[in-house]
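Both of the next two complexes hold subunit A, though its partner changes from subunit B to subunit C.
Here is the complex of A and B:
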């Protein structure tokens, strides 16, 4: 473990260094270079895990450990998210009180579009995630919004992800200073240490993927949202992206934000952008 | 409010306690190590097993090195206290939480854990 640890530390430093160099190379407002970030991000994981196929990173902890993968593959024959998928499909097609459906709110009737979320909305000037778009759709049609961390939202996003499986993430950052600022804010959130335990998201998911925290194998940050939402045995249920962000913050004794806060949406924008090209794999199942 | 007479007897009681404490300090290093182990394994305190394999503990993580032969590696206990206080001083990138600086553990708790580490 020692040698591996030393290597990972060295590469983490390199990665941070790479970002610093990028920023220093082009000072000023247009110093943000998401394309270069994404390349450095991907290269770091590919170099560190040369035996993991690029599209396999979306399988989180299973991509890191052969034994776990075998157990998971056996489980996939009766996927534990099947129930949520059925429920999501039904909810998705059931008309609102006004007769409209979710399909009316989305491009292509909401089918096969997961890979385009989140996107930057130039009119609103903010990042729109799939979870937020679903609730805005409900509200525009006179329905009460759903909880971002509970089963109904997980079922809907599970169904929408399922119809998009295999499509590569295709997150766009328009040439708009507000979009770049949102991306930068998400990146900053990801790398900032917080809370009593002094962890950043990167401490666990960049510095230590594949290592065990107690009994849990840490997922790599590359492709970390591609399999969302996930069924977790530990939760005995489904979890949305919002639920996972809140859980990771509170489990590390940091104060979680409100689901779909601006920081969380920007964070999702950053993490999704740097995973561009990796396939949608949701819904996922985890131990 | 404490009545004056009660105050007197309270002082007397603490004097007795103080006298009793004398001989027990001899055994402090030992009981300190036992207390240190409890604190190190407690999920709400040190929770060191999250990251370190330690003799006597289950379900250890792999983020940090196994904690063993500590005394030969760190003959000076102040180094161990420093690592527990704030390992980011030695290694700014470390995953290890700054237990002392962030008041996750008190100075006394850190000392007990160091007593325990020295038995490994």
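Here is the complex of A and C:
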């Protein structure tokens, strides 16, 4: 009797132990796994657009529409962002009042580093985008910050992107709960519906790439930031990532956040990470 | 005869004022209540970081109409603003978890 009881007890303990191991090993529904997300994200677009080469997704609507691609290729002979590139190069090398330049704020003198932005700054505990880093550089050298949505910032980032063209995005998410939380917040922002039109970023750029929204052909979310900043014919000028996010929100009739808000930076972190491996193609031109 | 006519006109004017002033005060009170409700809802939407441009525009339109003394229009705009703000609150609340349904897995 005692032996049978002991066997039953031992079996129950073993079962409970096995259950505990299984529960612990199985990823929870809400577990943050950026690498798995990035793979699923890429697989989704590759499967949905089997004729588009992976590195071509960075060309946005041109990867979706052959007629638009031909027009764009002709436009690239005299690219509309060329003036911004020249202005950006000049601004980048012009010394601040204290004699230093932007090059003093960045590794490798700021050349060929676009693919590493944004990154998670463990000291500050926040996501640092290239636009934010440029303004922090200015402020550290006694200069007033630039507007995040106007031409000067677009020109500077255009030049820095140009020096990095072709380099694969290499966004890192350190094993730091704050970095994972920032990534997760960016993902939440991307998929959350907002505005009176009840659109999320994903409504257009995951569910409907290649479709038309009025006169525009929607770009796929995969690689969507790789060509930033962009010259947009609709804007008749250059636009930064900040400007793009603000405009997207306004188009859904949502009150946009402040440029470089925590949500926008986290969104950039998420979108850039899931496009890792795709080449820098900025500055770009869009209709 | 002339005096009687003047008295009559003055009496009519007094009556008109006596009726119109409280009616205007009632319209203004309606507007103030509608505007306060709309502002409170929009503030809540703001706390959820989910305000809509259209709600903001209706609030502004309500204020502008009230400043001109057009309380009928002002109240209608304020009520529209409140409805939009409440819809944005519903959206933000329901999206707290629902966004996960759209995620690529």
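The definition used in the following text is that the second predicted complex is superposed on the first by the 257 of 287 C-alpha atoms of A that agree within 3 Å, B and C clash if a C-alpha of one lies under 4 Å from a C-alpha of the other, contacts with A are read in each partner's own complex, and residues count from 1 in each chain.
In this text, a contact is a pair of C-beta atoms (placed from the backbone, for glycine too) under 8 Å apart; a residue touches a chain by one contact, two chains touch by 3 or more.
Since this is a predicted model, take the numbers as computed values, not measurements.
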Partner chain in contact with A:199 - subunit B first, subunit C second, else both or neither: first
Which of subunit B and subunit C A:214 touches, first, second, both or neither: first
Which of subunit B and subunit C A:41 touches, first, second, both or neither: second
Common interface residues of subunit A - those touching subunit B in one complex and subunit C in the other: 196, 198, 207
List of subunit A residues in touch with subunit B within their complex: 1-2, 5, 9, 12-13, 196-199, 203-204, 207-208, 211-215
Complex contacts: residues of subunit A adjacent to subunit C: 37, 40-41, 44, 187-188, 191-196, 198, 200, 202, 206-207, 250, 253-255, 257, 263
Touching residues (chain side subunit B, partner subunit A) in the complex: 49-51, 59-66, 88, 91, 93, 95, 97-98, 102-104
Complex contact set, residues of subunit C against subunit A: 49-54, 56, 84, 87-88, 91-92, 95, 98-100, 102-105
